[in-house]
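Both complexes below contain chain A, partnered by chain B and then by chain C.
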Partner chain A sequence: MALVNPRDKKDEDRDDETEYSPFFGIEKGAVLQEARVFNDPQLDTRRCQQVITKLLYLLNQGESFTKTEATEVFFATTKLFQSKDIALRRMVYLMIKEITPSADEVIIVTSSLMKDMNSKTDLYRANAIRVLCRIIDGGLLGQIERYLKQAVVDKNPIVASAALVSGIHLLKNNPEIVKRWSNEVQEAVNSKAPLVQFHALALLHQIRQNDRLAVSKLVTSLTRGNVRSPLAQCLLIRYTVQVIHEASGISSSGGERPFYEFLEGCLRHKAEMVIFEAARAITQLEGVTSRELTPAITVLQLFLSSSKPVLRFAAVRTLNKVAMTHPLAVTNCNIDMESLISDQNRSIATLAITTLLKTGNESSVDRLMKQITNFMSDIADEFKITVVEAIRSLCLKFPQKYRTLMNFLSNILREEGGFEYKKAIVDSILILIREIPDAKESGLSHLCEFIEDCEFTYLSTQILHLLGNEGPKTADPSKYIRYIYNRVILENATVRASAVSALAKFGAMVDFLQPRIMVLLRRCLHDNDDEVRDRATLYLQVLGDTKDIAPDGAAAFLSETLNVPLANLEASLKAYEPSEKPFNIAAVSKEAKPLTIAEKKKEKKAQREAAATGAHANGVAPAVSTSSYENLLNAIPEFASIGKLFKSSKPVQLTEEETEYAVNVVKHTYPAHVVFQFNATNTIQEQLLENVEVVMDTSLADEFEEVASIPLKSLPYGSPGQTFVLLAKPEGAVALGKFGNVLKFKVKEVDPASGEPDEEGYEDEYALEDVEVTIGDYIQRTSVSNFRNSWEALDPGLEKVDEYGLGPRESLQEAVKAVINTLGMQPVEGTDQVPSNARSHTALLAGTFIGNVPVLARLSFGIDAQKQVAMKLAVRSEDESVSELIQDIIASS
Partner chain B sequence: MDYSTPAIKNILLLDSEGKRVAVKYFDHEDWPNITTQTAFEKSVFTKTSRTAARGEAEIGMFDGYIVVYKFIADLHFYVTGGDDENELILVTVLQAFFDAVSLLLRSQVEKKTVLENLDLVLLTLDEIVDGGIVLETDSTIIAGRVAMRGADSDIPLSEQTISQAFANAKEQLARSLLK
Partner chain C sequence: MGLFRRFLRALGLGPEKVGVLIVGLDNSGKSTLLNRLRPKKARTADVVPTIGFQVESFLKHGIQFTAFDMSGAGRYRSLWEAYFKDAQAVIFVIDATDLVRMCVAKDELELMLRHPDLRKVPFLFYANKSDVPKCWTALQCAQALQLDENKDKPWNILASNALTGEGVEEGIDWLAEMIKSKPTN
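Coming up: the complex of A and B.
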């Protein structure tokens, strides 16, 4: 390595500067050869240092050494302990850490390192501690523990920090040893050196983190004293939040939150790092009130106009999260936020836009959309996707604005963009079509235009599938035919095949189009792709070239879904070997495979995020789960004849969470039946349950009668299974009742070693909590795009009005949420959010009662100084008795 | 909410083409091998290379990580943390790295000098963060520890005055340059 004074060098080599590197042409084999100088009796320390640097350079560039090479280098490196050269010794420390010797090699260096650990030179001691703790194992650790314990309280910060940080790493594998240092670590917490305090606090907390009382004591004493280091102060804020969180279950809800004052005080700290940590902590407190939020929002607002991008980013990201749960608290920052739309840093701009979209009200939508249109042209796709998602949830919140938002989506759909971006837009349009009935026709025609010029096969096929399902149900189905048939002429084989399927669906469902569709399909018989021809032939057969299939049979055949998880079908098809025996789809397992751990983790994260997104996602989620329930239920022959599923309830727990058998129930309402789906999980590893069923006691509910019970054949440990009970009730009637339940099953012991169950088993039963069928099970959440119009369209003569006192409530928001949950109707126009400090509020709800009767409700709330909440409920529907029933829900609860 | 100690996931020093100059990964679960590491470096580089991060440090969220970065001459400095990390802690580490390298290279911060003094830069990485935990954030102290100031004299490092420390650092540097 030719090291020359960089300044001189620079002038000479200016021309070939880009080429120059001291490591130019470096090669592993040659460097390993060079490393032999480590063994020279007369060490050339400069040269050795250069060779180490070269070795580290190779490792850093991703080169890897074989086991033998590493061992050789390691042994050679240990020889360098003979040299007294300081700079070389420092490189040797680094080299040993990078090469991570194996357990049997470590012994070679321990004595040298232990010598350095007891050296008079603090820098040697600190480095030796870090290296030793990195490579040592539990046995040897016992030998040096005494030194480490002393080092923790060493007066030189570098030694103390080295010991403390090493302690944090060692705690993972040798907790019992590190825990013995508690007293010393406690002493180090009071160190004058800022970083030592930080490391000591981190280690002390990790030692005691499972001891609530100890953590609480630690926080109590430190919040009173003064913590010097900003980093340590950040830690203290995190631990304080932990204490607040764990205490929230115990302390009464009223009164001042413990430690809140400390967090608020940190908002005035001189280090920005601490101010931000405190503000962030406050916004994330469980059940934070708007009074508690205000000071935190104020400091974040100041950060928004900082000259430092990092501060602006941190603030806008935190406010973005607050906007999900407390949109109104953030509105004060809207002006600052709007100026951030033009921020140089596009991450900041995107976060600002999506925050504005979350906090915006109906009147600001149009103005906001104008600003966004300019913005969209100059950001990267990944930011655009975030914006599209925000617009989708905005549209679900204000359905009557669908025209503006749908137009926006179709405009950006026409512009340049990658697959992920286009997919996000198409997905959004699909969701809007499903959720907002009025938006369907315009949405479909936007999509039709898009596929005229769509380069993504996946999106084209997805849209064609949707057109096939939804197109025939629109007022003028024929207008879609042209778009679809154009695909048959112009596109690749995959798209052509989907287009043929879509055409066939029009033929099956719209009688007057059938002859024309047949003509188009016949043309496809000459396609040069097998799949397209096969599909055309099949559909022509089904649609009536042969007249022996009834027309609705054709429709059913075409729109039927498979009812088996696709992954299972794929596996079965792969396992199938061509033979005389035809492939039998009925033999494919219908049970979804249990998720792998990684997927579960993902799911959990998604759930957490969904929970955080809260109310706005509500509109989307239930629809999805209902359809998956529908598939599950349709697959059971006993339920084939009971008609169409009206509503599926949320799962209700029938057992405590941590019991031997965890059971929850989902109620599925049908016109003349109710299906109870019991989801059971066996949490005992040594047991296999067989013939699991739930016996329901219908004696207290005379209108119900048990028709069928479908037991579960076997319920092994850990993988949930379902058993069903089908009850009949008078058609269309609103039958209510309460049922006692007992879980009955046969237990077989499982040998934990072999996993084989015993032959012999015994019968057992397990009592579950009662299930109740309430009026709520007969109301579906539906949304209307314009509440006022729909409200006025209903006869005011059939309106039922009543007033109720709801008693003392924590807040208006809480009361509104409780009533909405009781009614089981869909809040529309974002009226489920109550502005902070409001004394009164009006919420608008929409739903559909069983028998397809639309119901609308207007709730007016008021709260007085004593937190007494009064409510006026006005209900309108086409059927007076339905309105009355809705009133009954509130009256009876 | 996370009650854990702030964690640094990696520190990267790339050149103007996105190639590695010096890197240190602390999280071996997220990036177990060289393939995943280079993929991350490439992704971060393409997303940041056209931004102006020459004055104030810039920030972005890429692939679910928070990345703070600062450019000078033909060098790109990055510090990565998890998506829940306090952004201001990350930027403190970035600034410490940047300033310590500047001190050690006597403000000659460019790819050529960094490569010529790669040992000092690698040691700086070693002195800033240990196994993901922030070890020191004061650039003068870091530079002093890298140069092993005080190891060969009786005056402990903590008792040196700044000018003394600086004079010593200079002397040390001159020595290493004259090798």
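Coming up: the complex of A and C.
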């Protein structure tokens, strides 16, 4: 095999020099062979250096060495200590650090390194210290501690830095030793050498990090003095932020934030690194005010037009984050940001775009979209996904712009792109269809076009499912049939099967289409795939080839989901032996079965992971959308006749965190009923709970009357279960009240070894917090596509206006948020965000009151110098009493 | 510079380089002995137990000796083997006062003598600490270690005092002669 010698190559054609790594194509086997030169009595130091470089290259490329290979290379390398060549010795140090053989082998170089540590050559000393500290164990450390301590204050900065950095590493396993160097480290903090100062500060902070007071003292003294090294100054800024953060809990005086002046001073530092660090620190301060923010934004804005890409990137990335919490603070930078859309560096451009999308106002949407369109084609998919997500939230903020944005989405949907990207676009369109009623039809037709040429089975089936559900409800359902039937002709079996299901739904829900659909379905009976034929056969039966099923039964059958856990259904189907007796789905258990011990472990891990991501706190199921609640509730016979679900509340915790039983409640409002869904989790491994129910005390809420209670048969450890209480109230009335609750159950001890519960159990109960039905439970959040039009369409004569003093508030933003939360209505046009230095603000809210009464609210806020907030609330709806009720919410809270 | 040196060496003009392994039980005086072989001003005042190994070079009789001074402590003895491969001579230091552990020294020595990498190399033994009264003589040590059973490799034993250097030089003289008389590879 002819290996190209990279050095020869270099001499031949210098032009290509930059194109080839000198190590391109080197092989581990060959390099290990070469490493034999380490054993040569007549050492060739240059060659040895080259070989080490190659070995290090291989290691850094992720090449792994077997145990024997590593040991052999290591011992061969140790022989190189015989050479006095300084450059080679340096490579030897690196090699020992990188290859680290087993702990008892590496010890062989200890004496050699200790000798070097006391050598006259500074380079030897510095490097020997670094390597030694890496390989040494606690016992031997005591022997060299004296040297290290001295080295910390060595006059050579390289040596001092080496000792300090080693200290940082050693602190993990041998803190007591490193802590004894405090005085020396303190001295090094005042070093004139920038690097020493930087490392010393880092070490000193780590030594003290668990002592708040000490850190605070350190920061106080250093922020007064002058730190020379920009890197050290950056560290100091970070530590200062920590101190500010920790102090904010203690002193909540309205005055100047401690250390803010220092941070602001750093904005005028001569090193850009420090300026940026300070600006970033300010933007991340907890509850940062607009006054505090302004100077930081100003310097970041300057960076936006810097000639250095790294500064532009840093600035735009920081501003992007600020835009999430303080969009208005960033608007000043919009012009600079717009010019970054054409930045050479695509990461900068993407961040600029997404920031603009967050801060932009309605009028700039069209212009932005034009710019983005040009830019989309030359960024990577992952950036495109970020852009798509930003556009989705923009669209939800300005629903009346849906046309522009939907067009944009459909255009990019037609272009080239990977699965994740396409999925992000489709997901966005699905969300827009769901949230913005006006966008539905155009969204559906974009999707129809997309599936004509979609290479992703997953997306096609998802879209077909949606078409089946939504298409029949549109004005002209027939136009979707062609697209769907094309799938039956052109696509793979999975997609064909989905298309058949979608067709059937049209047949079931749209009478005049039924005959045509039947014809199409009959054609599918000749498909060469079993699943497709089976589905076609089934749907033909259901749709009336045989007359056993009532016509509306067909629609119900097709659109309803199975009300049994899929795992149970699967198990029952597996157990079913083909016979005369048909499979009975009603016999499938509806209760989630207790987990086996192995599964429990898995579950526990999953829970821990979920808890870590915050998605699943306290073991209680995460928030679920209304439609999945609907499915759950419809499955319960007792709730069959209570009508249509109006609103489901967010889960409200009824227990403290970390208690034996975690319970939360979701309130489901119906026209004449309220269903309380108690989600309970048993966190005691040694217990199985049975007959779990919540007993509600209705004595203080006279309009309510208990109709039914649905206990939970069993609640095994770790898997959440539900129990329900159904209360009736006068039809249409806005009944309010407060209820006490007690969780009652039977406890059975579980043998931890076998996982088997005891036969005998005992009754027990557990007090829960009260739950309250408020006016909020009778208002849905809905959005309107044009608030002004909708507002003016409602009779001004029925408007209810009132004024309120809200007392002293932290900020206008905080007051606005609180009121919106109390009302439980949907903020529109982004009016929930208050400009950072505004003294007054208007928020627009929309909602639907029970009985399907749309209601709109205009809230005007003002704040004075004493932070007293006043609010004027105007409410309009077709029903005067509804408007009054909305006023009552505020008046009574 | 490398090239020029190599050129000289090819003509037999540069100093020949020879790798020597210094082994023996811990505390037998290996590092002390090596310290003796350094030029006067490079000597260290106190010798501490070696951890792992230490490498030194010295020039004698026109030969550049590179000496690997191994630690004799139990936990490191298994690591000696990693340095057998290219050793051109072995110096085995015996503590002639440590009669109790003479059998341990014998065990370690036998392992080495049997090792294929060391089949042809000369072994120099020092019966060290000969200044201490009641120590064994070189002959007694040789008998205890059954050195005369080595028929196929050159060996020699000398009484030494590593503190004063007595006997040390003679050993190295012998070693130099052995190396020179052997045809170079």
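Quick note on the criterion: the second predicted complex is superposed on the first by the 618 of 893 C-alpha atoms of A that agree within 3 Å, B and C clash if a C-alpha of one lies under 4 Å from a C-alpha of the other, contacts with A are read in each partner's own complex, and residues count from 1 in each chain.
The rule is simple: a residue touches a chain if its C-beta (ideal position, glycine included) is under 8 Å from a C-beta of that chain, and two chains touch if they have at least 3 such contacts.
This is a predicted model, so every value here is computed, not measured.
> With both complexes superposed on chain A, which partner does A:D211 reach: first (chain B), second (chain C), both or neither?
neither
> Is it chain B or chain C that touches the larger share of residues in chain A?
The partner with more contacted residues on chain A is B.
> So, does A:E792 touch the first partner chain B, the second partner chain C, both, or neither?
neither
> Contacts for A:E660 in the overlay, against chain B (first) and chain C (second): which applies, first, second, both or neither?
Once the two structures are laid over each other on A, A:E660 reaches no partner at all.
> A:F313 in the overlay: touching chain B, chain C, both, or neither? Say first, second, both or neither.
The answer is first: A:F313 touches chain B but not chain C.
> What is the contact status of A:E105 with respect to chain B (first) and chain C (second): first, second, both, or neither?
second
> Which partner chains sit in contact with A:E362 here, chain B, chain C, both or neither? Use first/second/both/neither.
In the superposition, A:E362 contacts neither chain B nor chain C.
> Could you say whether A:E765 touches chain B, chain C, both of them, or neither, answering first, second, both or neither?
In the superposed model, A:E765 contacts neither chain B nor chain C.
> Contacts for A:R46 in the overlay, against chain B (first) and chain C (second): which applies, first, second, both or neither?
both
> In the superposed view, which residues of chain A touch chain B and also chain C?
46.
> Which residues, counting only chain A, touch chain C once they are in their complex?
Residues of chain A touching chain C: 39-46, 71, 75, 78-79, 81-82, 104-105, 107-112, 114-115, 140.
> Contact residues on chain A for chain B in the complex?
Listed in rising order, the residues of chain A that touch chain B are 1, 3-7, 9-10, 17, 20-23, 46, 49-50, 52-53, 56-57, 60-62, 64, 86-87, 89-91, 94, 97, 121-124, 130, 134, 156-158, 161, 165-166, 168-169, 195, 198-199, 202, 205-206, 209, 231, 234-235, 238-239, 241-242, 245, 272-273, 276-277, 280-281, 284, 307-311, 313-314, 317, 344-345, 347, 380.
> Going by the contact rule at the top, pick out the chain C residues touching chain A in the complex.
Residue list for chain C touching chain A: 2, 6, 9, 17-19, 50-55, 57, 66, 68, 71, 75-76, 79, 82-83, 85-86, 88.
> Quick one: which bits of chain B touch chain A in the complex? Just the residue numbers, please.
Those residues of chain B that touch chain A are 1-6, 20, 22-23, 34, 37-38, 47, 51-52, 56-61, 68, 86-92, 105, 108, 112-113, 115-119, 122-123, 126, 130-131, 133-137, 145-146, 148, 150-152, 156-158, 172, 176-177, 179.
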